[in-house]
């Protein structure tokens, strides 16, 4: 079955082609069926593959499709690699992907036929790219998927192309991704130069044979790629803007899958990272800083999706922190749980927005639990999960990372746990302002409020269940030794010590208690603050600073965008007036010379003869002063 | 025979074309001729590489040591293929364009095709020079006759600029020729000179000939003819110029210069590379600020060609094959870009980005096809552009010809980001947003245009996904080049 | 200093002075007369150099026929000193300076010539006699001699073309002329 | 010798033809017949059939010179065929004009085959004196008068220079000789005098071929002269004097090449510069062509500079290509209503054949490949490169050639790309058009298969 | 006399002629100056002729005669030139009533 793994990405691709090419003629229902159906089949296939893979002693299989680039000594084939890590990701992607497709059939129903089909074709294309990303057996295929998801993200963010702002957001996403991609590319070039190959097996095999400096450079560059894709400092600003896309997109791409590509990639190349402690520290620091920064910003956002977006950034920071401290499986674990609860959160938010008729401002919501029970319950589960309240999944994955962070450096832990507290706070701020209290919107909106249809709620429920229970896949050793199924499952890929530094059980327990207590405090504080009096005032002072996202966008504008723009303007001027001016100047010089030179042709014989004689004089002088 | 047919078909049909004094007839004739050429190229592709039919040689100017000898190797094949694909596509896509005296237009187009094909197949330096100019002259007339408002000045600048270059090249060719022991223009004799020319002379020759190629490509700062010429030429001609003609520069570089004066090449590689890189960044930045679609594409082309030149000077196997495949890819992609520009201009009578907007809702087909072409242009994976640029950058990075390979790569890669900026900017401003008074009249593309763009997309995706056939085609040439370029005194 | 030297110097100074006077005379008729003086002086030199035939021819053809022709033209045109407008003074100075410079440069170029040993003196040869010249002319130089007749023919035809009255063909050029438009 | 005799005789025939017939057609036909005969007898000479006259080594008929003659005669024939009718408009001395042309051709035949400085002098004079007349033949036109007088004064002045040079050379030779093949052998100890003579000869010849800075007469004279005769002067006369120029320097001073190369290089550079740059400014096509002829002379001087086998081959090819193209352009120009660039505006629409052929001629002059002009320039460049020195001059020449594109293409631009009323004075006959097409075909033939001429050339020149 | 004297004399006369051409505006005077130049050359040729005869006359009786014959031809040519030149000048005069060469500047640039 693993040999047929190529079917998994190809099916969504087929869906993309069908929906894309016949978008004008296909009825909407068929579009939905094709769109979701292909992903569903892929999911089934993934499950089958997963079935193969999870057996003990499964050897990673590389499925070679064809020579992609074969030049001189460089051979890169279009090959897929099936192993525990990729199989897991297959499941997450196709599973969550399918749910979100299903959700979209209802959510996007108001779109016109061709646009509806376009949406599904984009989604399918995204799933395809993402699958290529995780299946790729070498860095180049990974990179193909890597850029592919970036493209789909661009397309989907700008899906409502009539709104120029969305277009800008899409562009921003793509360009920031590209900046990261350039780093990735350089890393690939470096591999080619140093290892002569980009195959995982070969690169990892030869990793020990080159200097640490090279490995550090490669890993750092790869990490640059990851910061772009996974929205880390300094390239994170695109993600909140990406919320311009339809909500299912945010759920699928900007929460569940694409943004975790960076984590996948680093986990995948952990062999290299293990050899580069400097990079590990950088990853951890950036991760922790991002987690903290995004969390603080999330505190003051009023747009429901923006809060979720910053929360995503923050959670991604966690994952990088996990990677940085060597807890690869923790990071992957968090990827998985995060996929569930964050997708759920987004879909729930989508459901809310849907009900509110497109309104995303939390200040206009409130008391929705009355109208939307299913959404409310599932949303609450997700909030609990993300806040790290046991026994929801977030608790397990987050604490695994925090524990590893403590083992590496307590400061990481402090930042992490404080961020966890902030997370709990802002999530429940969100929850409380949205679902509790009284409705603050217009009457028309109130009249409109309703629970979403089944196609929306079913995915919510499924995800809610997953978000609730997925944590038990990785029960920490504190509770039961060797019960960490995920760790065991991934160990063939991630290595035996993928948990980071093991702590003593007592310490680990202590840490857990601290984080849970903090989370609970956060929940309670937010509940207390916003449930009764949910009006969100204009932020002032530091709050304003946070509400304005630390003015990072403004900073980037001032430091990068403006100067570049000015430079471009200057160069345009330079091109037109200096370089072209010189070129035209040569022409004009010739004409000027012509005008001047013609004056010699005075029409006077005397003048002509005079010049002739002077010519003779010159010749004779040359003759006199040259030696033979 | 194949090689000589390639030149003869467009030449003869082109000359005959002047006498078809009817628009339909002239168009049909041109299309037929270009399709015939395409068939011939495809036959050539199907032949074994060492097949005798790919070579042709007969006496031409025995006293001068010049023979009419043409041959098709991998590099020639890929470029003739490009030329042969581009011309029918141009004819089909501009089928609805109206020209005064269309027979002259089409005849000149065919003549320029003859010149281009001749450049790519010639294995005699003098013949090469002949075709080099033959390709230029019809284009000059085409652009001056049927171009935009400032066509005369712009085209003339273009002509004189390239003419200066080619004359300097002629000096270089003659110099080498007069120093060959057998007084021959044959490419073999030229190649045999690579270790016989002193370092100082190699510098001379290098610059004389390089200038011609640099102007043609063009490499910064010799590029200013290009935006003007592209802007002013009728789009069909712009397509020829940018899709095929600029490749002549790169082609000349790797066929006629690199293996002949390797020492000069090595000695000046860093200088030229620096220019290329400046040009890449510079052109990309300037492209961001362009309001005219044609100028935008023109500057983007400068950036792309700069990269190819950079990779040539990197003298690395990956880079060299990248150059060859990218020449093909860039030709196809930019052709697609021009077709879109042409469609827009024909429909709305303007190329100003600021006057357009919201086209995606009126012409979704156009928007999608442009999107794919544009993505190929910014080298997104699974498009042909990616394969090329990946190899190019990889070649530059691994280059042993310079100490600054890492710096070069990193700086040059900035252009990849900038390319995304200006391309997406353009897409955003032209296609996204709401329609305005002008663009609300827009309609989607017609059948013929769809066919052409679809064909281009197919090529883009095919090469992007399965570049192997193309890469294998040029393998031998690249190997040979590297061996001969690696000569060190 | 023998008679030859005396004559040489005398004739030389006379020639140069007369030549200068040709150039600086305001009245063109005076110029013509001074030029005749130059020719006479040069003829004297010819005799000193044993070129008797040339000396005579020079006097007859140049001083006689050609100069008379010049005079004739002057008379015909009724030109006198006042009719010649003065040239720009700077141009004049430039002309003189340039002429002088040319002389200097030529002298400088030639003064290194090591020809001093060769002497030109009187009564030391008879090649200048009409007999010797004639023999050579009609033997070795018969081709150029004949060919110079073409020169005369063309000069003759030319003068006819130039001099002929063209009044009868007034309207040959209905569209006006284009030359140098 | 054949052609010298025949041209002289036919000149006299033409002179008298005006007495015997008033029919202009008859006169013209007589001239055409004479020219055709000239071509034939010259070819006969090349083939070895010639009148035996003992010239006492004054003339030497080698193939280089005879080829030069052939080009001159064929060009004149073409000129007369194309523009013969236009001569009638100048004045009613048609017979005399033809007579003068034949005398000039006689001079040409002498200048291309001279072997002594005396013959060179006579030849140059025989060329010059009729030209003074022809220049001034449009008697009521002040410009024509002016041109004639300027030409005459400056031409005489340069004759003076030439004679001084000859005198120096005579003095410098040990035994006193005018034979050009003897001069070098007898050069010995008197280098300064010799060099002075050489330089003065160089200057006077440079004057005749209008090389800078001795070119000043050219634009004025070419501009003022009746256009037919401008065409004649700019092509036939100029290139045959060039043949003589090469001949003189090759035979007489060939061995001393290094000593004078620098002067030729300077003159060539100046000529290229002045010719090309000044032509850019011109508003009249006729005057532009005058400067263009200066520029082309600059290129031809490269042959003099190199003075090797390639150069000699090249100068013949150059002469042919340049003459054909220039005669063609002048033939069209004569028919134009307006001689300015604007006068050509839109010509392509009204006279497509004229415009197309004119374009080919202009491309040839600009040295674009596939025309004869390319190979002409190619040979010039090759000859210098092969000689190994003065590479800077080659680069300079090439840059100047690029400038030349500016003014040549201005005409093309006017004809094709600009709208206007540019038209001919009257509808040209189909015979005229046919001849132009033949001429253009010849130009192209020279550019694609110069083989025909080239193989002849190398055969002649290397077996010389 | 040493030949150099003759050379310098001739050159001096020649240069006076040149200076005359440069400084005068009267076409006929200019022409006369040119004649002066020609005569300077003639003088030089005759001097050289004598020189050669002096050097070689003993062995070759006709040595140096070429120079004198050349002078003869120069005179011939000069005569022809004068006739043509004066004709041109007269034609000019008939049209403009001037023989001032500076008046002749319709053709320039």
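A, B, C, D and E are the chain letters, set down in written order, and residue numbers restart from 1 in every chain.
As a convention for this text, a contact is a pair of C-beta atoms (placed from the backbone, for glycine too) under 8 Å apart; a residue touches a chain by one contact, two chains touch by 3 or more.
Computed from a prediction, not measured in an experiment: that's the story for all the values here.
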Message = Per the definition at the top, count C-beta pairs in contact and tell me whether A-E or A-B has more.
response = A-B
Ask   = Where the CA atoms of chain B average out and where those of chain E average out, how many Å apart are those spots?
value = 65
Ask   = CA centre of chain A versus CA centre of chain C: separation in Å?
value = 100
Ask   = Just curious, how far off is chain E from chain C if you go by their C-alpha centres, in Å?
value = 4
Key: Chain centre separation in whole Å, for chain E relative to chain D (CA means)   = 26
Remark   = Shared-interface residues of chain C (touching two or more other chains) are 87, 91, 94-95, 98-99, 102, 106, 109-111, 113, 115, 141, 144, 148, 151, 154-155, 158-159, 162, 180
Request  = For chain D, jot down the residues that touch at least 2 other chains.
outcome  = 118, 122, 125, 129, 132-133, 136, 139-140, 143, 149-150, 153, 157, 171, 191, 193, 195-196, 219-220, 223-224, 281, 406
Remark   = Where chain A touches two or more other chains at once, the residues are 587, 598, 601, 603, 605-607, 609-610, 613-614, 616, 620, 623
Key: Chain-chain contacts as defined at top   = A-B, A-C, A-D, A-E, B-D, C-D, C-E, D-E
Query = What residues on chain D touch chain A, complex-wise?
reply = 149-150, 153-154, 157-158, 161, 191, 195-196, 199-200, 202-203, 207, 212-214, 216-217, 219-220, 258-259, 262-263, 266, 274, 277-281, 403, 406
Query = For chain E, which residues are in contact with chain A within the complex?
reply = 18, 21-25, 30, 101-102, 104-109
Request  = Please name which positions on chain C make contact with chain D in the complex.
outcome  = 106, 109-115, 139-144, 147-148, 150-151, 153-155, 157-162, 164, 166, 168-169, 172-173, 175, 177-181
Key: chain A - residues contacting chain E, complex   = 598-599, 601-606, 609-610, 613
Message = Could you list, by residue number, the parts of chain C that touch chain A in their complex?
response = 87, 91, 94-95, 98-99, 101-102, 105-106, 108-109
